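The block underneath contains the structure these notes are about, expressed in structure tokens.
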Amino acid sequence: MIHFAQFGAGRIGAIHAANLAASGDARLKHVVDVHAPAAQALAAKHGAAVSDTATALADPEVRAVIIASSTDTHADLVIAAARAGKAIFCEKPIDLSLARVDACLAEVRKAGVPMLVGFNRRFDPSFAELHRRIGAGAIGAVEQVIITSRDPGPPPVSYVKVSGGLFRDMTIHDFDMARWMLGEEPIEVFAHGANLVDPAIGAAGDIDSAMVLLKTASGRMAHINNSRRASYGYDQRVEVFGSAGRLIAGNRTPTTVELADANAVSADKPMHFFLERYAEAYRIELQAFLDALTKGAPMPVGAEDGRQALVLADAAFESLRTGRPVRVA
Amino acid sequence: MIHFAQFGAGRIGAIHAANLAASGDARLKHVVDVHAPAAQALAAKHGAAVSDTATALADPEVRAVIIASSTDTHADLVIAAARAGKAIFCEKPIDLSLARVDACLAEVRKAGVPMLVGFNRRFDPSFAELHRRIGAGAIGAVEQVIITSRDPGPPPVSYVKVSGGLFRDMTIHDFDMARWMLGEEPIEVFAHGANLVDPAIGAAGDIDSAMVLLKTASGRMAHINNSRRASYGYDQRVEVFGSAGRLIAGNRTPTTVELADANAVSADKPMHFFLERYAEAYRIELQAFLDALTKGAPMPVGAEDGRQALVLADAAFESLRTGRPVRVA
Amino acid sequence: MIHFAQFGAGRIGAIHAANLAASGDARLKHVVDVHAPAAQALAAKHGAAVSDTATALADPEVRAVIIASSTDTHADLVIAAARAGKAIFCEKPIDLSLARVDACLAEVRKAGVPMLVGFNRRFDPSFAELHRRIGAGAIGAVEQVIITSRDPGPPPVSYVKVSGGLFRDMTIHDFDMARWMLGEEPIEVFAHGANLVDPAIGAAGDIDSAMVLLKTASGRMAHINNSRRASYGYDQRVEVFGSAGRLIAGNRTPTTVELADANAVSADKPMHFFLERYAEAYRIELQAFLDALTKGAPMPVGAEDGRQALVLADAAFESLRTGRPVRVA
Amino acid sequence: MIHFAQFGAGRIGAIHAANLAASGDARLKHVVDVHAPAAQALAAKHGAAVSDTATALADPEVRAVIIASSTDTHADLVIAAARAGKAIFCEKPIDLSLARVDACLAEVRKAGVPMLVGFNRRFDPSFAELHRRIGAGAIGAVEQVIITSRDPGPPPVSYVKVSGGLFRDMTIHDFDMARWMLGEEPIEVFAHGANLVDPAIGAAGDIDSAMVLLKTASGRMAHINNSRRASYGYDQRVEVFGSAGRLIAGNRTPTTVELADANAVSADKPMHFFLERYAEAYRIELQAFLDALTKGAPMPVGAEDGRQALVLADAAFESLRTGRPVRVA
């Protein structure tokens, strides 16, 4: 039984806490949130205490933390948790600044604590199975990857302003997916971006539509397309082309009902958004973290992965700014 | 180059004549139709003569006939063509009376002429491929067959009155398909029927909706469902279950376009009706007839097949009348 | 917070207990099972007591029972629970004997306790949505229903012998589904059955393959096909044809991964069996029971539904025995 | 009845000649090919004369020409046909040199003759229907386009050497498709390319794998992915994302047969290559040319379209050479 402290009692925090409770391997002992009622509600539901950061991290019984608070607090909490010797489950991104991320990584390395960065899509059963089959040789050598990633609707502009921008907030998931599927590090990023969805996003200095090209040293290529609006639901698909075939993981739907009438044959739209689509991924992700702690299973997405996705996001912004492809180490 | 006489210059006749012309192996020499303008138009299009039956059958250059006239003329034409020693391509059904069909078969057998009965669905590329894979062992031993066969809309009541009724006019195709897919003769027929679509069909003494069960001596089973109305187009599907798997042949669509919008993800309805869905089947069917004549290929659907489908249709009517399952030899 | 006693700590019992725990509205207080270790394990997991039937039913705090023990114990437990004034959630079937079922219904009616019979498929999101759309008029008036229900592999013969036979054990779910989708009571049953899968099942006096036809007074029809073996997984589909269109609910798959290689374009088989396919249905089913108890929501599948499905199963056996269609009141 | 001269009696020439014959509106009068046996065979089949270029173009009865000879002869034939006042159907590309294309266009314009460039994909029923629905407003304003275009296997290196390279030979179709779907001219091209399929192609100085990004002045974007190898068949798909939805046109398959067995649920691979996939497109394309000549229908893909696709292909090569995005007027 591993005792946890959790930072953040919002929407994602509630998911992680429920998955902890259902896992049978863990117990939530402390909930920390600046918003007291949220902390109290979540703590009450799971029999945990409402604590402050120092108390939670000072508790010797606490072996691991979940960091699901607002992005700007992640880095400080990662550093504090590492110094306290706790295993760390940190929602993405670690931070919007590469320098800060590097500071975190240095502390984590120094402390020797295990850390998982919450790229939840790696745990989606369909994407994970696609990746497994690449490894099993189903399509030979990987040559090209196409990632379609489109949100059902734009976030509020207040969120956009603190998000770090489309590439660091949204595409960062796709950069991680591209690295994972390519099986080789990208060395160049080229990005197009535009403000086609919501003028307020453009007014806030961000884009809401993008297409990105990546390439690796051996000539593998990846394409990412993003939009902050997909009227038909959360569009999350991956295609991988190899020397011997093609793998696709498509959208999931709430039901399999199909209607044929005088107009068309019509089926469900994709699941609405990440809470529905990735519900199972969140559960499996937390279990993977627990398995790494309790059974010595490898930590599936490490701090370095969090860093590399940010490197690509930064390069995409630089490409957008300059109109040129940008090399990454 | 095989010279043909064709009886019937209507919709189906026009299809067969065009396929003859495109085949390269055949020439249409005589067109016979009681409706003179239709005969003249079709003859002119293909450089054929408008003839009467006697003239066409007396022409020693004519080696084969296509019988695509109204159903009540088929039997006389089959008999006359057989006596004249011509190879016979006859649209289904041979006749609505089993006694008349037997008379035709006797003449055909006596004359020793080859005969194909136009069960066009056997030549549909999807159904033919499904059948080929059964033979190749893809699903082991066949156990159950489900045939869905639904027309987009009911025919005029004037047609219903001379059609021989739903089982002899429409289900007869499905009885043939069931025999073909089961790979064993049905020995019992049980049928439900109802008048759910058009009260005028009921007033004319026919049904427009049916479900049929067939079984064979070894315990294989088939189900057929029919309706004279499918608002979404011509619904033509086959499922075959075997000891090692399942084969399905679904509907075909005009295009592969799929629209995702705020309502649904929607695709094309099935092709509208038999002229579209079975255009390719009609072409392949005629080519199979030509190949049997010119290359010694086996005649793929013989007169006996036409007879057996009618036996099952008659049994279905008897079952509907009595409310009991009916044995067939 | 509703307190429960649960009878049966096996595979299905474990599912219901976990769903109870996760619901937040209920507490499992007593676990009763003749197999003590199973009872102890489940009770320990959920903080319940291991009890005997009398103790559990005598506890005034217990408001509801879950009956998930072996079929031959259901009727006695239903009667005892009814007499004790408890709300009843009873796995299907209530009993294999219609007389016993009627005795149960009389006691339940006399006691005035609410009762849900576990036809879990009504709670499957796809089937429930299909049914909802029929009610919303999506396909006009229902005319025909096709239910495909095939298990991945046959049960042990020891189970077959006490199962009541294919129609009462397996098809009973489909009879319930047919009634629900038809929206009108069947008045006639005709059944074919055969022993095609496992000779040992035939030796035990049962069939493993079946096709059934049902009709209603107004002429609506339903077809059911069953097999105890589907090499490709649990095949659970429903098609409903109406005056204005067609609704289909298909199989669900573990992932959306699709592989295209030199052989074919291939996708996942259906989910393996009922535990996977209906995991969500079991959860929703129990929640519906709780909502009926706590919020006055209607009880969605009542004792009378359990009885009617058995009436149809009995009629199917009679049809199989006599080779004739059988009328049901 | 329009009389044609056709240049080229190879594989594509045979298709156009057969479509001419079947159209009913046209007659093939002259066949010109440097390979005499091919010319004779095709001429014999369609009752045409074998002629030389001068004779064919001097025939006053000839109103239109089909240019389906090798690419290096297109420009001279276009110019000669224009000067002779003939309507021109020219296979793509007009020429591999933009200067030569411009010379052709000047002559065509001067002569005032109608010209269609053979971008056959615009006539594919699925792509044409997708485009029609964009115009009908089905997805609102177009924002992003994704074109997947992958050949089943690489051509011989001898062909690669005279092909003008991947972008001018293969991607040129996709550049045309991108322009057509975007509804706005691209102003910038960025291309990645690699030699991943066949080292001999690299040795010949060409690439066999590519990803391209295009953007328009208003911020619309398109992505193209190409490979000279797709083990699973000819992969030809288009996705268009708009403000109100998404349209996809997928691959077409030979049959609808689906096999479910112990391994997977598998369906047909896409049609093998362009002759199968675009058979219907070639027929419709030629009919559109005839309709433009006989009924005053607009010429659907003009000489200017042929030029613009080449401009984009040249820019892609320049981008590949320099590693930079390239502006196009």
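By written order: A, B, C and D. Residues from 1 in each chain.
FYI, a contact is a pair of C-beta atoms (placed from the backbone, for glycine too) under 8 Å apart; a residue touches a chain by one contact, two chains touch by 3 or more.
The structure presented is a predicted model; accordingly, all values stated were derived computationally and were not measured.
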Q: Moving only to chains each one touches, count the minimum steps from chain A until you reach chain C.
A: 1
Q. If you tally the C-beta contacts for A-D and for A-B, which one comes out higher?
A. A-D
Q.
Relative to chain D, which chain's C-alpha centre is the most remote?
A. C
Q | CA centroid of chain A to CA centroid of chain D, Å | A | 42
Q) Whole-Å distance, chain A centre to chain B centre, using C-alpha means? A) 57
Q.
Give me the residue numbers in chain B that touch at least two other chains, ranges are fine.
A. 230-232, 235, 244-246, 259-262
(Q) Could you list, by residue number, the parts of chain A that touch chain D in their complex? (A) 141, 143-144, 146, 148, 150, 190, 192, 194-197, 209-211, 213, 215, 219-221, 223, 225, 227, 229-232, 235, 239, 241, 243-246, 323-325
Q: Sort out for me which residues of chain B touch chain D in the complex.
A: 22, 125-126, 129-130, 133, 138-139, 244-252, 254-262
(Q) Under the stated contact criterion, what part of chain A meets chain B in this complex? (A) 230-233, 235, 259-270
